[in-house]
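Chain naming follows the written order as A, B, C and D, and within any one chain the residues start at number 1.
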Amino acid sequence: MVVDLAPEPAVADLAERTARFVRDVVLPVEERHRDPVPSEAVRRELQDAARKAGVFAPHVSTGYGGHGLDMRGRAAVFEEAGYALLGPLALNIAAPDEGNMHLLEAVASGPQKERYLRPLAAGEIRSCFAMTEPAPGAGSDPSALATRAERVDGGWRINGRKWFITGGDGAAVTICMARTSGSPGDAGGATMFLVDADNPGMKTVRHIETLDQSLFGGHVELLFEDCEVPDDAVLGQVDAGFRNAQVRLGPARMTHCMRWLGIARHANDIAIRRANERELFGSRLGELGMVQQMIADNEIDIAASRGLILRACWELDQGRSAAQATSIGKTFCAEAVWRVVDRSLQICGALGVSGDVPLSRFLREVRPFRIYDGPSETHRWAIARRAIRQHAAAAR
Amino acid sequence: MVVDLAPEPAVADLAERTARFVRDVVLPVEERHRDPVPSEAVRRELQDAARKAGVFAPHVSTGYGGHGLDMRGRAAVFEEAGYALLGPLALNIAAPDEGNMHLLEAVASGPQKERYLRPLAAGEIRSCFAMTEPAPGAGSDPSALATRAERVDGGWRINGRKWFITGGDGAAVTICMARTSGSPGDAGGATMFLVDADNPGMKTVRHIETLDQSLFGGHVELLFEDCEVPDDAVLGQVDAGFRNAQVRLGPARMTHCMRWLGIARHANDIAIRRANERELFGSRLGELGMVQQMIADNEIDIAASRGLILRACWELDQGRSAAQATSIGKTFCAEAVWRVVDRSLQICGALGVSGDVPLSRFLREVRPFRIYDGPSETHRWAIARRAIRQHAAAAR
Amino acid sequence: MVVDLAPEPAVADLAERTARFVRDVVLPVEERHRDPVPSEAVRRELQDAARKAGVFAPHVSTGYGGHGLDMRGRAAVFEEAGYALLGPLALNIAAPDEGNMHLLEAVASGPQKERYLRPLAAGEIRSCFAMTEPAPGAGSDPSALATRAERVDGGWRINGRKWFITGGDGAAVTICMARTSGSPGDAGGATMFLVDADNPGMKTVRHIETLDQSLFGGHVELLFEDCEVPDDAVLGQVDAGFRNAQVRLGPARMTHCMRWLGIARHANDIAIRRANERELFGSRLGELGMVQQMIADNEIDIAASRGLILRACWELDQGRSAAQATSIGKTFCAEAVWRVVDRSLQICGALGVSGDVPLSRFLREVRPFRIYDGPSETHRWAIARRAIRQHAAAAR
Amino acid sequence: MVVDLAPEPAVADLAERTARFVRDVVLPVEERHRDPVPSEAVRRELQDAARKAGVFAPHVSTGYGGHGLDMRGRAAVFEEAGYALLGPLALNIAAPDEGNMHLLEAVASGPQKERYLRPLAAGEIRSCFAMTEPAPGAGSDPSALATRAERVDGGWRINGRKWFITGGDGAAVTICMARTSGSPGDAGGATMFLVDADNPGMKTVRHIETLDQSLFGGHVELLFEDCEVPDDAVLGQVDAGFRNAQVRLGPARMTHCMRWLGIARHANDIAIRRANERELFGSRLGELGMVQQMIADNEIDIAASRGLILRACWELDQGRSAAQATSIGKTFCAEAVWRVVDRSLQICGALGVSGDVPLSRFLREVRPFRIYDGPSETHRWAIARRAIRQHAAAAR
């Protein structure tokens, strides 16, 4: 046992093959398709290619056809996949499916795994996770959960409204958080339900137009009106929803960071290429101090993000809650990625805001990450509270 | 003569009527039309309404049907107009027409004024200003100007390529900067030419897709191929193009600041309204310290921008070049407006990145302002050089 | 009435003479005396010189021997005086005397003016203002005021403890805020008392060692133990202390900004001189982009500070409370001055942290200004609350 | 081989014992001695205590009486030692001795090790490293080295001037960098010489007064005037000085980061304690959002610094140059530590700038770290250049 930062050879190899696959297969597809959201056909084509390249589903356990990477391994591979906007989709590690698979492996029953996890892991179906609600419901404060599930004969009846449900369009299954005891403001009493797409009590009200565009299946608003589900639709245990949500949320924050870190690197590479080529005032752009400063700050932000992600992943792999480490990592990384893309765009000038390079698309895609998975402000509040509590405990 | 910051009564009255007009007439139109760019019919409808409200063309001299505001007066009125994305279009003070009218009033010949300024001031035609070129041509460094105009019998023949020409689609006249002496890298020898839209030597190559969307007439790429214009198409004097460009650029930077400052105020108002309404963790959002900090920083940025704009306008109205003041004002204001919109969006959370409020549209619209009218880096370079030169001169 | 930013000729002249006086008389004294706090003899020597140069006491009304400048006039002159650490002392406009004179002119009785204001204005005596108390007393939250004054026969008896009382050592008179009704937490019921230095009930407990060093008379801790004062020691009216404190605090914030803005300019000048002289990697420092960026940001911060100061001064001169404008101006300016000094020091490298240039002294002097006169956080809280209230009022 | 971030048990144990030693032994001494620089007697007392506690000289190999920690081990232990200003002195790991021991272990000859390294490792003597020169000599740009050494019979004659030589007062040996070939501006041709304190050709010109005060032996200016040294005073090889300097500089940057990270944690702990105790506006300080934000940002900065330090240390332990990783780590960490101390001071308000807590001392101590060991600007320049070169190489 000694401090070591190098991934195991098998992981390093998978990461490298992923990098090559993204460069040789995914990026050309991405450049050909100007439409930010690819068609279902493109999704299948990319996933087939990933399967052939042996880089598909790196996070799923081998029993379900994956590579069984732990969080540290994901850190190495997902960053490479994230270099292209469509990379995660190709590897079947895009949000929210990736987090849902992680959750299902951890808490689903055997039959639930066969019914949902296996086809998800194979890319045959897609899924979504319905937690966020319009104000004054569950958002930054999960305890405000307003959607309710009442006991009915042989099952439950769900009523409530959810929005910003990523991937909701086309999802074969929705994991819906609903209150089964207590009332809004209580931190307890939530349960997760697996709701099939054809359930007549669940309706897609609308697609929410958002600044970001690339997440497959969009962001939808869902209405649950007397939506009845059987008992075996309960995922995990009744009233264990908040606790089980943590199983998903901590790792999912980190995998988001990994993927977006790939985009940050991509943005930085575009800027550096430009800095190498473009002449201004008789110098190459890359010889101008203010441009160098932006590139250096990109490098620093990327390196610091990577260090924080690895720390949180290592803690998660030790079986710890890693709440402080994932909050710190998510907050820093979401802001760092944003800064990197913003600086890279600035370095490219007018070209940067044009469609001739993907930087303004990247800018749009990463901005919401400072809000979803917990806004920076909510995480900072939690980070400070934990630090203060820990200090007070140490003082006693 | 005493230091006074209050606008004259007539200006204050016009500003107030503009604010009411924007609130009562423009914003409802804007909310109705989801398409970021309004149709020509909407443009005419809004301009008719502005005429009726007595707020049309505040910047043009009275001889051409305007209110004849100086720069300080524009600072008060344009900020109010800028509160809505369509406000400047309604008042006929949108870029680039507004800057072009300013330029024409200052340097055009009598016949040129009748032919171009009068219909522009009336909103009957539109115009564009073709200076920026693809690398390695004129961008941050105007002296890299590569488009050339050669003497031909009775006129000039222009060859070159321009891009990011705002408002180019539908412009009746293009003011084209071309080199009439010297070579790329020389700071001298440019001339402005008035090129009519039907000139067969000028072609619109493409619309450039950009992060921002709201500027009427888009951003186009223009190709000048043996584009011949007569002698009386010269605007100002031959070889005086760079000097005359300054007549346009300093004030145009400031009017951009004024308009975007209106958007910043609008964004801040949306955030404050949200902070007043939304409850989180048992408090109104506006009672949470981190939200208060963002609102306070918005207020500070808006106030500081206004002070710098007023300083530059006052200097311009004294007939000074105001180069340092406009560089300082533009740099600070472009970044401040961006920060204000970004913070406002953050305060609104998921709602902020949705189409349910216009904040993500504002974010897209204001980002390029840190690049056009001189990137922040170019202005900082110029600001520092002037400060160093001035210091060296004082030391002698 | 028209927007004008140029000071009146008489003010401009006084500012210019102040600048010359500081350069020719004060700075040489400052460089000679390495001790951060000058002796009383130096104070008198400098004030005599200022009197001879016709620049003494610019803020006091002519009836008391001053120039009678309003706040806008002070903005022009104090910034010049503040260019040297000892400049304000020389002109008799250093804190806290300057604010105390302002207060006495506004609220003292005729006899109080003769007894205290006249010798203060002449530089014959010094004064201090005793408001701040150790936790949990009055600090950022004035309503926590714990020092009490009880009615006794023919006067009042004061008990309490004050600290960080600037200028306390050697002050002939102390203006002491004490609670005459209500209890800590109430926003009402404070009274100001004029306490002579020889009052046996007032003791200097200690000099508080602080990061800053230059304020004449230090920062002391005062103990009031059954300190009895006669009825005519009440400054203003009984229970009007908080209201009258505003008479002092708003303007005093701004004059602090003016003076420290002078130091910021001085720091920037040192950095620019260095950037002009020093060669690095074959370039003058001033040709390196990152140095240019720091100089440009200094110029921007200085210009923005000046604009915000002028706005607040103009409002104060209109007789308005200017609470929002002084909060905004103070917050921005205190942070901007800090940034300017920090960047200037960075530009000078190792030299910057050495005693060979005064930059590290400046750094120490300006840091506490982000805390005294209201910490940035308290002002931001107040700014946001006012913005939110104003918005809610407008919405009704 | 697997990614692991936990230090080995022996290292973890040493780190924990160091933390206890600092808390129980060093901090009480530090609080007793108000003088920023302890006496030689205090130094010896602290080092004796460290020896007894078994925490002395953790970085030196066991053959010289140390614990033989590699860079990763130092990261864990030095941070704990750095929690107190005097902690590194107590453990004999203060700059510049610690870096000099590292250098001597790597490049000194056997006899040189016996003569210099052994007594240094035992704390019997002290040393300094004389590289930096006044402008236009070696500073941010080492190749500007102006001090020269000429061949004389049986040795070398050194002439030149050095300044900011930390620890120079009382150092038994000075490692002096001098040019043995080439001329200022050349990147080659430097040699290191071991100069004994009693060499009559080396004079201490003055103590340089600096913002920081705690480094034992101060910062001195040294004059070499026909300073003759024998051949065996050459450390490493002739003309290998720049290369050997890298052996010292990379690790020394990181050990500085580790120590100052300890101070940052200490500052943050003071702020958190204050936030736990102090009430303001009816809340504990730690419940106010803006205070929470500052604490959270402290936690983030500390965690990110730690991650970057570990990365660089791991690379150094692999035998790599780690130039990019140490530049990134040093730049981020120096700025992060500064921000943490500054925020902590701000949280404490007036108390923070007083001598009642050590925060303003910490502020003074850490500010120069943004300049020494390479200013942030120089590192950013180097980081960007490496990134650009690497990108260009990959593109080929």
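In the analysis below, a contact is a pair of C-beta atoms (placed from the backbone, for glycine too) under 8 Å apart; a residue touches a chain by one contact, two chains touch by 3 or more.
Remember, it's a predicted structure, so these values are computed and weren't measured experimentally.
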Ordered by label, the neighbours common to chain A and chain D are B, C
Pair joined by the larger number of C-beta contacts - B-C, A-B: B-C
Separation of mean Cα positions, chain D and chain B [Å, integer]: 51
Nearest whole angstrom, what separates the Cα centre of chain A from the Cα centre of chain B? 39
Two or more other chains are touched by the chain D residues 288-293, 377, 380-381
Give every residue of chain A touching chain B within the complex, in rising order. 132, 135-136, 139-141, 163-164, 185, 208-212, 219, 278-282, 288, 290-291, 345-346, 349-356, 360, 363-364, 367-368, 370-372, 375-377, 380-381
Would you mind writing out the residues of chain A in touch with chain C in their complex? 288-293
Residues on chain A engaged by chain D in the complex (per definition of touch): 1-9, 72, 268-269, 272-273, 275-276, 286, 289, 291-293, 295-300, 303-304, 306-308, 310-311, 314, 324-325, 328, 331-332, 377, 379-381, 383-385, 387-388, 391-392, 395
